[in-house]
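Next, two complexes with chain A in common: one pairs it with chain B, the other with chain C.
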Partner chain A sequence: MKKILLVLMCLMMCGCYDYKELNQISIIGGIGIDYDNEYIVSLEIINDKKTSEGDSDSVKTATINGTGKTFVEAFNNAIAKVDRDPYFYQMQVLLISENAAVKGLNEVFDYLLRESKINNSFYTVVTKDTTPQEVFQINSLTEPVASSKIVKMLKDGSGDIKFNKNDEFDLLVGKYVKQGIDISLVALEMEDGEIAFNHMAIFNGDSLITFLNKDDSITYNLLTNKSEGIYLTSEDNVVALFGNKTKKEFKDGKIVITFTADATITEVQDNIDFKDLSVYSKLSQEFSKTMQENIENLIDHSRNYNADILGLGQLIYADKPNSYQKGIGLKVLVEVNASINVNKNGITFEVIK
Partner chain B sequence: MLGGVCMIERKIKEEFNDSSDLIVKKIKNITIIYLESVSSSDKVNDYITLMTSIDNGKIRDVFDRMAAPNIKEIKKYDECEFYLTNGFTLIIKGRKIYAVETRADIHRSVNVPQTQQSINGPKDAFTENIQINLGLIKRRIKSSHLINEDFMIGRKTNTKVSLLYLDDICDEGLIFKIKRKLSKIDIDGLLDSAILAQLLTEESKTPFPMAIESERPDRVANDLLEGKAALIVDTSPFVIVLPAFFVDFINPKSDDYNKSVNINFVKIIRSVSLLLTLLAPALYVALINYNQETIPISLLINFSQQRDGVPFPAAIEAFIMLIMCEILRESDIRFPSSYGSSISILGALIMGEAAVSAGIVSPIMIIVIAITFITSLIFTEMEMINSLRVFRFLLLIAAALAGLFGIVLAGFIFLIHLCSVENYSMPYTYPLAPFDKIYAKKTLLKEQTKKSKYRSKLLARKNQVRMGGEE
Partner chain C sequence: MITKRQYVITYYYLVRALFFGAATSYLINTTGNACYLSAIIGIGLGLGFSYLLYYINKVKEEKKIVDYVGRGLLANGIKLLLLLIGVVLLNNVLVSISTMAYAFYLVSTPVIFITLAIAIVIYYALKKGIKGFLRAIEILFPLSIIIFILKFSTVFEAMHLDNFKPWLNSDLKSILKGSLVFFSNTITPGILMLNFQKSDYEYKNNALGYLLGSGTILFVLILIIGIFGMPLARMLRYPEYMILKKVNILNFIENIENFLTIVLIIDNLVVGVLATFLVRDVVKSWVKKEKIIKWWDIIFLLGMCLVSVYLFNNHYANILRLYRYEYILMLGLSLSLIGLILWQIKRLDQ
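What follows is the complex of A and B.
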């Protein structure tokens, strides 16, 4: 009896803590942040009402906006307009507009990390030349929830630019506060009413500096992701890269970046005889050189904006903390070794002439 | 000392209050007394009346030539009542009383099992006759080591109870405890073996069944060989096997007739079903009301749409549906089978279709309840299904109050309770805790028959080898 009483007390005293009935909550798919003299926070609310008989499968979303001088004020103004209890645990994406990103991320990241009703496993994306409200309002046939669509495209899609494993919010903040590395986020654009990803937004400290061009963005993704089937073009030939591996180490006062990958030929313009094995080594050399140039370009371009997105300073900090100074990652000597092994020719030996 | 013919006759008549089925017949100087209801008049006629009417000689000679198989001389008057009620015919001549067995066959023939069916294995089942039941077991174990001891239980019913065990395998301590408990029973009537099982085990301590009640002779024989003891009660088609453990009720013994690889798949599914039938509604309520973050978003939106417009909280919804299903099941059992289908159709229509379209319950709840009930019906033992229901409701209440945390708490209550139960000083959770590989491979899983060489350590301490080695 005492045992039962004890257990009953345990159950009763916590008094249904955290109890939420499913039809009393509003599931929030994503949060958008814009800045135009004041913060504008938009929430993508997933509408779960049955629309009509036999049409219960269609999901509709609504966007609610709130404005305020600070991010928190704008956020609270937005959730005050939601009629049910807003539920953030299923939140998938945080969209930050270009203006808000230039304004700085500190305030936003601090609040989102501190607030207990928001989970830490969403992804952060910067919107280029568009606002989060517009993005939330696009209506796709296959995925009615815009936030889910963005995450699906960047996680499972076949685009060149994708999330890497450090892009979940808690890991991103970890990277954000680390010494000797600057964060970079995927940039979202609207092309004819459809979402597209062509650039990476690079940050210096807490604010956005610029967007990388498409080639550099793809090179950055190759260096940080295990993305498969990304196309590399050299003069007239195109190959698809597989099994890419990147090794970065600090050795003898310089950084050595080693990039290796296998490649499959996808398009050749010249009359190449694939039965001749020397063709492969020739192509390998050609593409290795191209890749090496690409990586060097990426480093040069990001250094022009004082952003150490590859975390070169962090490598030095991890190896020799005493010799680390702020900005050393922008000055250190870098040696790039790229080797691409073209070893597959697709499913035919012939070339259409 | 016995009195004269008239005196005995008068005494018996007084005792039975001139019961209408008491027949007293006088042929020459011999008096014949029998109870018409329990005796076969054909046998009385064949064995006694014919012989006595033809023969003019002394009574001694009559008995020498009588064709009846079972004749006993009664020394004490007190025994008369016992023999009469058991279908014997009393023959009184002078100062001597003889009892001749003329029992009527009031029993049905051996049938196929009704509740514990199996595709393969023997198809005979126990009946209400103790002699037939004993025979069904002894036909399977033809050994002088198979001991059966008879007890009479019930002040009014005088029901015969037979304790069976193999004296070279079974633990004497167990037999001693069973005998002591049997001798302590003082009840006016014993009408079924289930009542004896409740008297022999502690009914109040746990809702779980503490004795196997089987109608399959092959299962009882199997348990006897394993070192358990069986109790056959006259007038009951179920034989009790003691002691029983939790795992005995999960899988039927007829699994042994299948190949181990094939049947182990089924056995694992049954163990999963056990968890599902306990946890399904509780987990659903906990996830839907407390831990929505664990459900993938597309599924959550789906759940949310289905629950839209349902007036009750999920926990109340689950309670209503569970209780409705219990009512449906109960009515299905009680109602005559010829009407049974109409109940099922009505139940299925109301539960499934109408309740959902009326917006009283969500379709996903119907699925959860259906899973709960279908998985609970895998177990053949009714008592087991009912005891799992107790803990299913406990888990549901805990989940409704505290979510997944509550399920963990209630799960602990379940485990603590299960571990605290003892059956004849043997832990009820055997062979899981304490772990015994041998018995676990006979119940939870099946070993290859060739490799199953030993008996369990707990039940057959003195004789563990059952294959190979020395008997």
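What follows is the complex of A and C.
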């Protein structure tokens, strides 16, 4: 009996029933979704084969496209063209073209969240003035896989616009289904053949409304993200912000946004004396005012676009769920208090004249 | 024979087991943001129920519950309820592990193979006897605690206070229903503790095991709501598995959810093994034929595999019924059983 049991356990518990070797699977780095009268789904496949002898490190990618009337049909048509078993667990990014984002993302979110073979820890990016197919085909010397490059730039890069730690797909859907907040996604552009991030795509419900301008996008990132070293310009002076904190609360019938950050002087007019203590408070006041104006502009613009990207409605819903109405966050009075504390000047006392 | 430490550890495993699968999801769906309040009320009720279990164990002394109740109509009624509880719990174990494995890991493996693999593990534990099994889970206990601490400490950062708001946005009826769901799912596996022979432990051991198990469930509920927020947590089928995906140790170790799930599977296997032990003891008290007893475990486990696959896994409507009504069934069975046992104790005293 023990022998039979042992044989059965060897056969059934070794996990080899439906295993697949690495050469039997196609690792998908990213999925792209475009829309032009029908859905176009692109799969970025990471090719792990050696390209030539002694060139074992080179990884090339291939892009396979599928089309269909619905997203799922296009997705399945793309999968059908892959010669090996598609493996989505290493998927890093979902690229959505402007057209597809305008069409609406409900179907896409629903399918990808439900599908068990797709890991939900990838990031979502909207492509502006370019298509996902074009992005997947870029040739970069530093990072041959476009999906990895995008994620590395937005997670570890030094750009002004970055992923929020809560931008992973499942948490993004969590935000999308919440009351009183509209989603916003990082927008990707191509500048001289290289990937660049200068804007945020903002949504109303599941449809793309517009792209924020660069200043608004940076302000949005400062308000929602832990951003280190983002530059803030006021007249001829520039400071780098760090340790930023945002507090939003709903009290006495209005929303109060309090923003605080420390700042390091980066560039100043040549008549400034760093040994003079009043310089710091003067600069602090100047940049606090600039930041306050930036936040007010962002709120005005989001009101104009009818997209509650700062989740002002969510604050009202959290406090008074019974009196909450859709869009109330865009109508309520907002008070902004910004405080920038300029307290570092680098390693010199004087400006070169 | 069970030591005090083994008693506490076994109770800890039993209390947690059913919260892998339907119970967590149903509790969140029922109570919404106030699920942790339901859990706290449920813990209070559960501590009361644990006292009843302690009392029965104290009265029955060195005997197993099946032997203690003796013969007669009432005794047979008690045994039938014990049998039903064993069957319901084992079915829950087989369905929840196989459904989860089929959904996340072994998508192209026939479910019957997954279920049979679980049955083989349970059978192996039965063959080793209760003593060996208790020693094994005692050894696995530190792993369970380490993984819980690891999970809680690394995922804690991803929580947002805003996700809990609006605070307690549920009506009293939902909160009470949620506390019954919590109570039912934590106390029913505890019935399996009646089948142990030694009873030298005190109520504080009983309460400690229950509080440890239910406390970890409460923390997991808080993590789920804090990370996903209520609308998303309601949508997910295995939210307790999904939070494991967020475990990230110093940006160095990530994507270890499959390894961490082992703890949830061990919880369920403890219930599966003890439920099969209980059913065997009940059948032994009824059937005296050696041949049947010898083959009973295999026949029973195979039968349960077929039931769980062909009645539940292959019929989503039945899984949905299990999801919605199992807590009522378990609550009914557990309370009736305890009532009948207390009645029998009174009769035997006279």
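We adopt the following convention: the second predicted complex is superposed on the first by the 336 of 353 C-alpha atoms of A that agree within 3 Å, B and C clash if a C-alpha of one lies under 4 Å from a C-alpha of the other, contacts with A are read in each partner's own complex, and residues count from 1 in each chain.
Note that in this section contacts are C-beta pairs under 8 Å (C-beta built on N, C-alpha and C of every residue); 3 or more make two chains touch, one makes a residue touch a chain.
Only a predicted model underlies this, so the values are computations on that prediction, with no experimental measurement involved.
Colleague: Would you sort A:Lys3 into first (chain B), second (chain C), both or neither based on which partner it touches?
Modeller: Only chain B; A:Lys3 stays clear of chain C.
Colleague: I'd like to know which partner A:Ala80 touches here: chain B for first, chain C for second, both or neither.
Modeller: Touch partners of A:Ala80: none, neither chain B nor chain C.
Colleague: Looking at A:Val173, would you say it contacts chain B, chain C, both, or neither? Reply first, second, both or neither.
Modeller: A:Val173 contacts chain C only, not chain B.
Colleague: Touch test for A:Asp319: chain B only (first), chain C only (second), both, or neither?
Modeller: It touches chain C, and chain B stays clear.
Colleague: Considering only the touch criterion stated at the top, classify A:Ala62 as touching first (chain B), second (chain C), both, or neither.
Modeller: The answer is neither, since A:Ala62 touches no partner chain.
Colleague: Quick check for you: in the superposed arrangement, does A:Leu113 touch first (chain B), second (chain C), both or neither?
Modeller: Only chain C is touched by A:Leu113; chain B is not.
Colleague: Jot down the residues of chain A that show up as touching in both complexes, chain B in one and chain C in the other.
Modeller: After superposing on chain A, chain A residues 12, 17-18, 119 contact both chain B and chain C.
Colleague: With touch defined as at the start, can you tell me which chain A residues reach chain B in the complex?
Modeller: Checking each residue of chain A against chain B gives 3-4, 7, 10-12, 14, 16-23, 25, 27, 29, 46, 48-50, 56-57, 59, 87, 89-90, 92, 119, 145, 148.
Colleague: Would you mind writing out the residues of chain A in touch with chain C in their complex?
Modeller: 5, 8-9, 12-13, 17-18, 113, 116-117, 119-121, 165-166, 170-171, 173-175, 177-179, 314, 317-321
Colleague: Taking the touch rule as given, give the residues of chain C at its contact with chain A in the complex, in rising order.
Modeller: So the residues of chain C in touch with chain A come to 103-104, 106-109, 113, 116-117, 120-121, 123-124, 127, 158, 160, 162, 165-166, 169, 227-229, 231-232, 235, 242, 245, 255.
Colleague: Give the list of chain B residues in touch with chain A in this complex.
Modeller: Interface residues on chain B, with respect to chain A: 288-290, 292-293, 297-298, 300-301, 303-310, 313-314, 397-398, 400-403, 405-406, 409-410, 412-413, 416.
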